[in-house]
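Pasting a structure here, questions to come.
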Amino acid sequence: MESKLRKLKTEYLGRTIVTVFGISIIVLTLAILAFLGYKGGATFLTHGHSLASFLFSSKWDPAQAGQVGTVGSAVFIVGTLEVAALALLIAAPFSLAVAIVISDLAPRVGRRFLRPVIEVFVGIPSVVYGWLGLTVLVPLVARIFHLPFGFSVLSAGLVLAVMIFPTITSVAADALQATPPESKEASYALGSTRWQMIRRVALRYGRTGILTGIVLGLARACGEALAVAMVIGQSNSFAHGLLSPTNTITAVITSSMGNTVNGSEYNDALWSLAFLLLLISLVFIVVIRFIGRQREDS
Amino acid sequence: MTLLLLRAAHSATRQSSKSGSSNAGMAHIRRAKLADKTITVILSTIAALFVVLLALITVYLLYKGARAATPDLLSFTGFGVGIQLFNTVYLVFLSLLVTVPIGICAGIFLAEYAGKGPIIAVVRTCIETLSSLPSIIVGLFGFLVLIQLTHSKWNLLAGALALAILNVPLIARTTEDALRSVDRSYYDGSIGLGATRWQTTVRILLRASVPRIITGIILAAGRGFGEAAVLIYTAGMNSAVNFNNWDPTSITSPLNILRPADTLAVHIWALKTEGIMANANQIADLSAAVLVVLVLVFSLSARWLGNRFDKKMSGGK
Amino acid sequence: MKKLIASVLCLALLATILAGCGSSNTGANANAGTGSTSSVSGSIAMDGSSALLPLAQTAATQFQAKNPDCAITANGGGSGTGLNDVLAGTVDIGNSDVYAAEKLTAADAAKLVDHKVALIGVATIVNADVAAAVKSLSSDQLKSIFSGQTKNWSVVGGPNEAITIINRPTSSGTRSLFQKWALGGQKSVEGATSLQTDDSKALLTTVGATKGAIGYVALSYLVQPSAQIGTVGIDGVDATYANIYNNTYQVWGYEHMYTKGQPKANVQAFLDYMSSADMASTIESSGYGVIASLNAAAAASR
């Protein structure tokens, strides 16, 4: 009897508390999902647009007060995918390189200097990155490639890459540092060079953590709005290459959400885009996890 | 503790390079060593390049801020950014007060009690998706739930809670990762000594995870410092504060958590998008510089605290 | 030591929460009391139009200086936000660049009371390169440029540069004013030569940094002169308030402050202040127009 009471204090109480909080996160997620689904569904249920015209048309001209317009969002969807993929392609290799330097090549410098410097960059507001992009990067891109203007997929990808770099690097470095020393020493004892140890032991051991970093980075790339909006050009047309302007889901949401009223076709179409964005990130995340698991099995 | 591990790894590296040279001769060893050197050089160069880029951005921001700085703008009155600085620190502090316990608890749940079935994969995916939401959506959701449903006006508390929606997933994820990466022998040892799962988790695993959890907290705080879209809809875009009034019941007291408050990031956003005063850009530049310094100080002191804690733990008591 | 710090923090937090609850009660009391007292007190909250925000904030600061018991907060967010929030009762005043009926359903628009507080003019702006040669465009040339038919400045007497159009979002009040009064209702072309910025300040920067760019902003954003851009008149008439007052320049609209039903006493006092003679000079120096200065023909045109 007494031992049960003891166990209540030492185990069940704590377990209940964390379970409640754990479940509350799920509830919160579901609440937001339901909220977005409900708001986003109105485009199709209330305003009667077909899913195909929303996904595959590029005619975007929703109406504001009671009339009927078009809600084709193909340009934004393609634009978001392009920009997020480009940002990830640029940032991930660099992040991984810096993470390896922090964890194994120069741990002292990494701890004392690299980390604090990198963390500062999480705290710089998007709008500052956006303005740096608009006033420094965009003119630079225009000059280098002899374009009339530098608003482009490339500019957006670069700005986003700088923005997601700290997230990926911090999380990946943590994962690499968590490699058990015995494993590292065992690898060295077998005659591995440092790089062989990193490649065969640390990178494998830290794979889950690195993937988490990449997922978090990708998530931020998909959801980032203010900075991208300033450098992408927001032109309602498909990009003809890295150097041409286009538009993204987040940019169109931020630019018009405040200017439209609840229940109008325009506003509901923006909520549909928000819900779609959530689904896109969901697909990305599942794919990356799947790749990670495949590797693990082999 | 981490420091010890690193030292061990470091000395192991040195030993291996010494012993390696005596075995030289076989071609593949030479190749491996060449690869090792090349990779080291390449990676270090990349790291150096990025650090230079980041340093350039920091210096640029600080330089522009310093050029704009006047005693008037740095003050806690009128056009000074002191009010926003105070609001930023206060709001992020309030938000962390909510985020950290919930995030860590949720992380413990995920790592220790959620089991291994498909449910946890779904939950984890849910959390990651949640953290990919554009801030404006979280802001509007927060506005609907925290402002409209409660019939209140923009306030610090609502801002802090909305920020928590954004950051709880981040802390939950980093906590879970940290707990999972603690060496299993710690767990087995503790259970073997008769501790319950909960006791083991809190007293052994959680303590060993502190440095990584702190990274999560720093990232979360960083996002709080830099976030604008969430707070515009929940905490408001301006504040009327009297710094001689420390009675927390008054609407103009800095301590009141139900007053509207604009943080540095919101201030910058407002100035850069709609400020039409002559010196709007200067104030924005100065705010950005102040924000960079604030984040730097926070990040350094959080890490210092973490290290102290870490040393105390690994030093044994 | 640690425990001490922790308990102090907890106490501080507790105190703040209690205090916060207390303050919300006193706030409610103050609101209830405004009807019976003559001095203005209580709180006023407004949000909406970002074009009107700078003026609203200046007015709020001045009003508060005269009525220290009244706490005013002015937020931006966009005209749609202002209309949404005033309808939902979250704010006392919803600011908008456009008539409520252009955004809301007729039933919802009928619940709101319109208070016109100022005029806003919209000017066509171009990159400095173009401004050196082109001082004015005819409305046909303007329509041709924004419909994508005219693609090079040389056609309208400018340098040999490709034209890049910089728009605001289709939901923007400034864009709808420009489209209605400068382009005669014709929609702007969409495509790779037509970019867009979220806000007017980013638009100014973009036009200033892009050769051959053309865009439009509210006159309040042109109070600070900039060397990178120049304004262009329409049919030889410059975008100034003098020309708006005498009915020669047409691209302007009213700035609205909407209340849900008739305003409370303190809100009415603030609205009165907005249209007082005191405010008129502030309105003009901030780059807005004073409604009372419109001549009869101009006032009748809307």
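All chains are identified by letter, namely A, B and C, in their written order; residue positions are counted from 1 within each chain.
One rule holds in what follows: a contact is a pair of C-beta atoms (placed from the backbone, for glycine too) under 8 Å apart; a residue touches a chain by one contact, two chains touch by 3 or more.
Nothing here was measured: the structure is a model prediction, and the numbers come from that model.
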Identify the chains in contact with subunit B as well as subunit C, in label order.
A
A-B against A-C, pair bridged by the larger set of C-beta contacts:
A-B
CA centre of subunit B versus CA centre of subunit C: separation in Å?
36
Just curious, how far off is subunit B from subunit A if you go by their C-alpha centres, in Å?
16
When the C-alpha atoms of subunit A and subunit C are each averaged to a single point, how far apart are the two points in Å?
33
Got the subunit A residues that touch at least 2 other chains?
226, 254, 257
For subunit B, what residues touch not just one other chain but two or more?
272-273
Residue numbers in subunit C touching 2 or more other chains?
50, 76-77, 198, 202
Would you tell me which residues of subunit C are touching subunit B in their complex?
13, 15-17, 19-20, 22-24, 26-27, 43, 45, 50-51, 53-54, 57, 64, 71-77, 88-91, 198-202, 220-221, 223-224, 286-287
Would you tell me which residues of subunit C are touching subunit A in their complex?
50, 76-81, 83-84, 87, 101-106, 108, 161-162, 164, 169-173, 187, 190-198, 202, 205-206, 209-213
Please give the residue numbers of subunit A that touch subunit C in the complex, ascending.
61, 64-66, 134-135, 138-139, 142, 148-149, 151, 226, 229-230, 233-237, 240, 244-245, 247, 251-252, 254-264, 266-267
Which stretch or stretches of subunit A touch subunit B in the complex?
7, 10-15, 17-26, 28-30, 32-33, 35-36, 93-94, 97-98, 100-102, 104-107, 111, 114-128, 131-132, 162, 165-167, 170-171, 174-175, 177-178, 180-181, 184-185, 188-189, 191-196, 208-209, 212, 215-216, 218-220, 222-226, 250, 253-254, 257, 274, 277-278, 281-282, 285-286, 289
Touching residues of subunit B toward subunit A in the complex: what are they?
2, 5-6, 8-10, 12-13, 15-17, 19-20, 23, 29, 32-33, 35-36, 39-40, 42-44, 46-47, 50-51, 53-55, 57-58, 60-61, 101-102, 105-106, 108-110, 112-114, 121, 123, 125-138, 140-141, 144, 165, 168-170, 172-174, 177-178, 180-181, 183, 195-199, 201-202, 211-212, 215, 218-219, 221-223, 225-229, 264-265, 268-269, 272-273, 288, 291-292, 294-296, 298-300, 303
